[in-house]
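Here the chain labels run A, B and C in written order, and each chain numbers its own residues starting at 1.
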Amino acid sequence: MEKYLEILNYTIYGAAILLLLIGLYGALTKKSLIKIVLGLSIMDSGVHLLMIAIGYLKNGTAPIFSPGHENEMSKMVDPVPQALVLTAIVIGFGVTAVALALVIRLYKHHNTLRIDEIKNLKW
Amino acid sequence: MKKAIILISLTILGVYLIDIFTGIGFGTAHFASGVKDAYLIGSKETLKVSNVVTSIVVNFRGFDTLGEVTVLFLASMALGGILYKKRHDVGERSVLFPSTRIVMSGAKLLFPSIVLLGAYVFIHGHLSPGGGFQGGTIIATGFLLMLITYRNYSVSHQRLSYIESSAGIIFIGIGLAGYFINGSFLSNVLPAGKLNDLFSGGVIGIIYVAVGFKVAAELTGIIYTVLHEKD
Amino acid sequence: MIYLILTFILILLMIGAAIYAIWQKDLLYAVIASGIISLFLSILFVILQAPDVALTEAAIGVALTTIIFIIAIRNTVRYEDEHDKKVKKKEQLKSAEQ
């Protein structure tokens, strides 16, 4: 029984790696350009979950010194990965927006969205 | 055939990654370099700011925030450059169906509350969870609601440009003031007050207000450009 | 104990929405499934004691990413295999002529 509770502790790592692999499969296999950009966005979510899951402390609290809780410095979770993920979410949105603008221009030029029909760069 | 090869190689990659991360461990403190303790003590004693993530984002690693603001600015420039062909005139519709009466009255009532919530979140960024990016995004969501509902609602692009540029200039101006007074870019020039006070943390509150305005104006500009593009 | 059960249910729903988003051919349903992934991810961030990140992910992932994808779908095709359907229809017309 203890072993099952122990494995349940690692499910967050498994979920983050599974999201990463599902996004990567979608970006490698699908033929429509919008599906590929969707796969890249799902991969971003997986990486952010993995980074925050590393900084977690068992029975920890949020890193905020609110009035009345000012002496709990030894039980706080790690605030450095949270600062990095805050920047990464905003930049991921910016990259998705520019990629979709390029997809719209590509559709207006070639009138199709499948990547095996757009063959201008091959010989 | 290709799908089978991709599935097998992704499974091998997944097993390898899970092996690494279960070796690290979940819920135990495993960074031994002392950076976390230095930031927690520095934020409580030196800067007197309650929200430690805010003090890391604005003060201890403030140069990365400058880089992120620059990346957002470049993204909105690139979007405007790629998609600009001709804009709708004010009065022409860009969504297909007319809105019902319930949606129109509800949006008109909700819009001031959403802007007020966004302003509260970025003003009290150093006291409770929140900050410039969160508050700016909430305000952009409010503008999106009004743009979808009404036929002739428009935000003037000139004014958004002015707000965004002046907020960026205030950010860099505070950094240069820190350079000329103290010798390093983005250092703290105002006195730090008491813990959990509204005017604590020196220059952190002012920087976050500027970042909140800038992010709100930028995201509203991106949504407006994408919605009103005409064939 | 209650946190473990809640985490497990949220993770199952999130992985289910991810598989649905990649598998579905109607692109509008796939985009709404990606919005659901961001919503459950934001609740998971609160359970992992990171409230700033949860606010940012809820505001950006649910509202803004979904609206940008929907505008991109409006200006291009809606179904993933629209090209295949057009080619099949052309071949059917050609074989019906002959």
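What we mean here is this: a contact is a pair of C-beta atoms (placed from the backbone, for glycine too) under 8 Å apart; a residue touches a chain by one contact, two chains touch by 3 or more.
Predicted, not measured: the structure shown is a model, and the values here were computed from it.
Comparing the CA-atom centres of all chains against that of chain A, the greatest distance is found for B.
In this structure, the chain pairs B-C and A-C differ in their number of contacting C-beta pairs, and the larger number is found at A-C. Centre-to-centre separation between chain A and chain B, using Cα means, comes to 17 Å.
With each centre defined as the average position of its C-alpha atoms, the distance from chain B to chain C rounds to 23 Å.
In whole angstrom, the spacing between the mean C-alpha positions of chain A and chain C is 14.
Annotation for chain B: residues 51, 53, 129, 131, 133, 226 touch two or more other chains.
Counting partner chains per residue, chain C shows two or more touched chains at residues 51-52, 56, 60, 64, 68, 71, 75.
In chain A, the residues touching two or more other chains are 12, 18, 25, 53, 56, 62, 64, 82, 86, 90, 97, 104. Taken in their complex, chain B has these residues touching chain C: 51, 53-54, 121, 129-131, 133-134, 137-138, 140-141, 144, 219, 223, 226-227, 229. Interface residues of chain C, counted against chain B in their complex, comprise 51-52, 54-56, 59-60, 63-64, 67-68, 71, 75.
Of all residues in chain C, those touching chain A in their complex are 4, 7-8, 11, 14-15, 18-19, 21-22, 27, 30-31, 34, 37-38, 41, 44-45, 48-53, 56-57, 60-61, 64-65, 68-69, 71-73, 75-77, 80, 83. Residues 2-3, 6-7, 10, 13-14, 17-18, 21-22, 24, 26-29, 31, 35-37, 39-41, 43-44, 50-53, 56-57, 61, 64-65, 68, 71-72, 74-75, 78-79, 82-83, 128-129, 131, 133, 195-196, 215, 222, 226 of chain B are the ones that touch chain A when the two sit in their complex.
Within the complex, the chain A residues that touch chain C are 5, 8, 11-12, 15, 18-19, 22-23, 25-26, 30-32, 34-35, 38-39, 41-42, 45, 48-49, 52-53, 56, 60-62, 64, 77, 82, 85-86, 89-90, 93, 96-97, 100, 103-104, 107, 112-114, 117.
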